[in-house]
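The same chain A turns up in both complexes below, where it pairs with chain B and then with chain C.
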Partner chain A sequence: MNRRYITRRVLYGIPLILGVTFVSFLLMVYFGPDKTYELLGKNPTTEQISEVRRALGYDRAFLLRYGDYLRELVTLDLGLSDSSGEPVSVILKRTLPVSIALVLPGFILGNLMGLALGLLAAWYRGKWLDKLVMSASVVGMSVSFLVIIIGLQILLCTPYGLNLFPVRGWQVHDLGSYLYYVTVPTLALVLVTLGYNTRFYRAVMVEEIERDHIRTAQAYGASPRELLFRHVLKNSLIPVLTRIMFSVPFVVISGSLLLESYFGIPGIGLVTFNAITSGDQPILKAVVGLTGVLFVLALTVNDMLYSLVDPRVAKP
Partner chain B sequence: MSTPALAVHDLSVRFKTGADSRHAVDGISFSIDAGEATALVGESGCGKTITALAILGLLPDSGVHVESSAIEINGRDISGLTGSRRREVLGRDIAMIFQNPGTALDPVFTLGRQISAVYARHCGGGKEHIRQKVIESLEAVGFSQPQDIAAAYPHQLSGGMRQLAMIAMATVCKPAVIIADEPTTSLDNSTRAVILQQLERLRTLHQTAILLVSHDLATVRQSCQKVMVMYCGRLLEKTDCESLFSHARHPYSAGLLSCIPQISDTRPAMINSIPGQVPAAGEFPPGCHFAPRCPRVESMCNQSVPALDTDKQQAVACFRPL
Partner chain C sequence: MTGTTWQRLKSDPLGVGGLCVVVLFALVALCVWSGLLGQGWSEVSGERWENASSDHWFGTNLLGQDILQRTLFGTATAFEVGLIVTACSTILGTLMGALAGWYSHSWLDELVLWLKGVLDSIPFYLFAAAVAFALQGNPWAMHLAMIVTFWTTTARIIRGEVMRIKEREFIEAARAIGLPGLVTVFRHVLPNTFHILLVQGSIVFVAAINTEVILSFLGLGIQDGVSWGLMLAESSQEVLAGHFGNFAAAGGSLFLLLMGFNLLADALQDALDTRRAIR
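Entry: the complex of A and B
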C-alpha cells in the first residue's frame, strides 16, 4: 500500500472528526437535556440557578466547553454517569464488548448469506431461482422486526415452542453459555437484515455480471466459477466493502439497541437508551462523540481498503 | 479443395418477444480460408455483432434462439457444443477481439494475469512456460517492454495499447479463427493503422482466418481480401474486396460506398447518406428488406425476397443488380 495515500486519508479524517463532534456537541448543548432544573426542583431562585450553572460549567463560553469535550474524548476521561455515579469510561468498557459479541455473529452471517444469495440470484437472474430468492427477500423486509423477534422468542425460548434458549439475559462466561445466549438474537438479526442485504448484493452483482469484461472472459472460455468468484466478486468488492464498513458503527450502536432491549442484554445500546430517557448527559456525550469518531474511522479504513482491492486507486 | 478455417452454414438468430419471434440473423452461410481476412460490413443494427456472438455461442440463452446446420472450425462442428466442451474451444480454436478496449478487459487484474489465465486454461504448462508465452505474445504485437505491459493494469495503458494487449490475448493460444468486432472503431487513425498492421502480420504469420466486423469500409479495404455486405440479418453481397470497391453490384453496397467521406481539395458540397433507416428486427418489409430505401426498386422487390446467387464469383441478392 501507498504510504502517502494512507497518510492523506488519516489527515483528512481529523477535520471530519472535528466537524462531527462540533455539530453533535452544538445539538446537545442547545437542544439536549438541561440538568439545572432537574437538580433544583420546582421553585429555584435566580441565585440558585446561576450557582448550579456555574457548578456544572454551563456559564462558560461555548468554545471552551467544546474544548473540554474534545479533551474528554481524547483522554477517554468522560466524567461520571448522572444516574449511577459510575465513571462513563468504565460503563463503556463493560458494555461495548457485550454489544460487539452480541451483534458480530449475526452481522457476519447476515452479510455472508446475503452475499451468497445475491450472487446466486444474480447468476440466475430472471429465472425461477432468482424470483424465489427475491420474493423471499421482499417478504423478509416486509415482516416487522417485532414479529420476528417475538416469534423467535415464542418458538425457541418458551414452553409453547422448543424451549431451548433463554428469553432474556446475558450470563456469559464460556463458549457454551455464549452460544446459549447469542443464538436467538443472532437468528433475529439475520432474519431482519437478510432481505435488505440480499437485494443490495444482487443489484451489485448483476451490475458486475453485465460488464463488458465478463463477456470477454466468457469468450475466452472462463467457467462460471471463474467468472463469479474471480471476476465478479473481486470487482464488486468496492461497493460490498463500503456497505459493510459503513454499517459497522450503525450495527454496534443502534442494531444492538433493538436486540438488547428485547432480550434484556446489558450492552451499550441499552445503556444509551436508558441515558436518553433519563437525560444522562455524560453518557450521551460519550456515545454520540464515539459514534461520530467510529464513523470517521470506518470511512478512513474503507478508503484504505479501496487501495488494496482496486488498482485504479492504488496505482493511478 | 481444402477445408476452410471457419465455415458457417445457415445461421439464424431469433429473438423471442412474447408469442412471436423476430429474425435478427436470417440463414446466412459463409466460409473463411486459413490466412484469409473477410469483412462483414453494414450499418449499425443490421446484425453483424449478433452474428459474431452467435458463432461463439455467447448470446444469452433466454429469449434468444440460435439455429444453424453447422459451424465448423477446421472441419469440426462446434455448433452443438455446450458447457465445458464449448469453453474448451473458446480462446483456443476461436478468439474474439472486442470493440471497446476500455471496458473489455477486467480492471482489477493485470494484463499478464488475464492473458496467462487464457493460456493456462487451454494450453497449460508450468508457471515459467506460461509466463514466457505471455511475454512472447505481447512482444509479437509490437510491445518493446512486454514485461512492463504484463505487470500493468488496463487503466494504466492507452486505448490503443489495451487493444494490442487484447490482440495478444486473442493470439496467445494461436487460434485458427479470430473474430474482430469493430476493433478500431474507438481509436484514432494512426492507432488504428498500428492495430490493423498487427492483425495483418499475425494473420500471415500464423495463417489465422480473420472475420473483421466493421462499418468502416476504409478499414476493410486496407485489411481484407473478401467482404460480405449485411443488411437486416441477411447477406446482400459476397465477393472479394477489389470487385466490391471497383464495381458494387447491390444498390445497398453502392450506397455504402458512396457514403465514405473523401478527402479532396475542395470542401464537398454535401455529405452522402443512404436515405431512410435500418428497420428494427420484426419490422422488416415482406420482400427485399432494402426495397423501401432502394433507388432501383421495382414492384417485384416488394413481393419476394431475392436469394444470394452463390454460384457467381460476385454473389448478390438482388433482382436488379447494378
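Entry: the complex of A and C
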C-alpha cells in the first residue's frame, strides 16, 4: 500500500473531523439554550448565578469550551441526559443495537434489489423491460417516506387492510417476534430506497457495459454470465461500495429517526426524536458530533481500502 | 433554453405531462397567494371527521376544518418552501462552485471543498434539529437548514463545469484581452452553466418539498399555517380510527407534484443532455 497516500488521507480527515465537531459545538453548545435559570431556584443572587454558570462552563473561553466538547466526544464521557438523568453513553449503548437490528434487513434488501433491478435494466437498456423498471423507480422516488409508512400501516396493520402486523411497538425476544415487528419497517425502508438505488445502479452498470473491453470480451465469445460477473460487476465494485459506505450513517440515523418515532421503537432514532422535542442538549450534541466523526472515519478507512483494491485510486 | 431544447422537450410525452402537473400546482399556489383559493383553511366549517361530501370534498379533520381548503393552502406552502430553498441554495452553490472552479487547487478551492465535506458529513435531519435548536423556535430554521446543506451538490457540479469551461478557447481569448477574472466568470463562464442549474434546480425543488414533509412530522418544520407534512402528521393519528381524508388529500397531492417534477427533471436532463454533468 502506498504510504504517502495513506498519510494524505489521514491528514485530509483531521480538518473534516474538526469542522464537523466545530459546527455541532457552535450550533448546540455555543448558540444553544442557556440552562442557567433552569438549574436555579426562584430569585437567585448574583453569586448563585455566577456559580451555576461556572459549573456549566459558560464563563470559560470559546476555544476552551470547544476543547471540552472534543474531550467529551473522544472519551465518550458525554454527561447526563436532561430528561432522564441517565448517562448519555449508557443510553446510546443500549439503543444502538435496536436501531441496527431495525434498519439492517431493509438496508441490505434495498441495495440488493436495487442492484439486481439496475443490472436487469442496464442489460436490457432501451427495451421495454428497462422502461418498465425505470418508470417504476420514478414512481417510487415520488412517494414520500411518510406516505409509504402510513400507507403500509393501513394496508398491513389495521382492520382496514390485512391486519397482520402490530401497529407499533418492539417486544422482540426471539426470531418470530423479531420478524413480527421488523417486517413493516423493513418494507417501508426498501420501498423508499429502491427507486433511488435502482437508478443509481443502472447508471453505473450502463457505463461499465458500454466500455470497450466488454465489447471485446463479448466478441471473443464470453457468455453473458461471465461478462456480468467477471467484467461488469467486478469493475463497478468501487462506485457501488462507495454508495453503500456513504449511505450507512444516513440510513441508520435518518431512517431510524422516522421509523422509530412513528412505530415507537426504542432505538437511537426515538431517543434522538425525544431529545429534539424536549430540547435535551446532552443527547443531541453527542449524537450529532459522534455520527459526524464516525462518518469521516468510515470515509477515510474506505478510501484506504480502495487503494488496496484498485491502485488507480492512489495516483495523485 | 434554446429552441431545439424546447422542441425535444415537447416531443417527450412524459416530460410534457410532468410540466402540466407542475404548472397546474403552481397556478393553485398563485391563486392561494392572491387570495382566490384556500382562504378558509383555518375556519371550522363542519363537524369533527365528516365524510367526503359536496360541501367537503375530502371531508373534515379533527377540528371540523375543511380538508380541501387545507390541501389547497398546503400547495402554496410547498411552493413557498421549494422556491425559497431552491433560489437561495442555487445562488449560494453557484457562487461557491464558480469560485472553487475558477481558482481550482488554490486555498479558496480547498476551503470550499472542506466546507462541503463538513456539511455532507452530518446527517441532514440531525443538522436540521441542531439548527432549530440554535435558533430556538425561529420559523425560518427549516429553510435555513435546507439552504445551508443543499448548496453543496450544486457547487460540486458547477465547480466541475467551470473547470472544464475555463480551458476553452473563448476564455483564453477573454484572458488575452485582459478581462479581469471575476468579470470573465460572471459574463462568460456562468451563463454557460445555466442549463445545468435548471435541471439541478428542479432536483433541489423536489428535495425541498420532500424534506419539508419529514421535518414537519418531526416537529422541526412549518409552524404557522398548514402544510402537507403537517396534514400527514395529523393523519398518522387518524388512520387508525378509519379517517383517511387527510392522508388521501395530502399524500395524493404530494405524490402528484413530486411525480410531475421528477418527470420534468428527467425530460429536461434528456433535452439538455446534461446527464453526464449532473451524475
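The definition used in the following text is that the second predicted complex is superposed on the first by the 276 of 316 C-alpha atoms of A that agree within 3 Å, B and C clash if a C-alpha of one lies under 4 Å from a C-alpha of the other, contacts with A are read in each partner's own complex, and residues count from 1 in each chain.
In this section, a residue touches a chain if its C-beta (ideal position, glycine included) is under 8 Å from a C-beta of that chain, and two chains touch if they have at least 3 such contacts.
None of the values given here were measured: they were computed from a predicted structure.
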item: Chain C versus chain B on the shared chain A, clash or fit after superposition; value: fit
item: Which superposed partner A:124 touches (first chain B, second chain C, both, neither); value: neither
item: Which superposed partner A:296 touches (first chain B, second chain C, both, neither); value: second
item: Partner chain(s) touched by A:284 [first = chain B, second = chain C, both, neither]; value: second
item: Which of chain B and chain C A:66 touches, first, second, both or neither; value: neither
item: Which superposed partner A:253 touches (first chain B, second chain C, both, neither); value: second
item: Residue contacts with chain A in the superposition, chain B compared against chain C; value: C
item: First, second, both or neither for A:32, with chain B first and chain C second; value: second
item: Partner chain in contact with A:178 - chain B first, chain C second, else both or neither; value: neither
item: A:143 touches, of chain B and chain C: first, second, both or neither?; value: second
item: Partner chain in contact with A:5 - chain B first, chain C second, else both or neither; value: neither
item: Geometry of the superposed three-chain model: angle at chain A (Cα centres of chain B and chain C, steps of 10 degrees); value: 80
item: Minimum Cα separation, chain C to chain B, after superposition on A (Å); value: 14
item: Chain B/chain C common contact set on chain A; value: none
item: Residues of chain A defined as touching chain B within the complex; value: 126-127, 211-213, 215-223, 226, 230-231, 234-235, 309-312, 315
item: Sites on chain A touched by chain C in the complex; value: 15-16, 19-20, 23-24, 26-28, 31-33, 138-139, 141-147, 150-151, 153-154, 158, 160, 167, 203, 249-250, 253-254, 257-258, 261-262, 272-273, 276-277, 279, 281, 284, 287-288, 291-292, 295-296, 299
item: Chain A-touching residues of chain C, taken from the complex the two chains share; value: 114-115, 117-119, 121-127, 129-136, 210, 213-214, 217-220, 229, 232-233, 235-236, 239-240, 242, 244, 247, 251, 254-255, 258-259, 262-263, 266, 279
item: Chain A-touching residues of chain B, taken from the complex the two chains share; value: 56, 58, 62, 84, 87-92, 95-96, 98, 100, 103-110, 117-118, 121-122, 153, 155-156, 166, 169
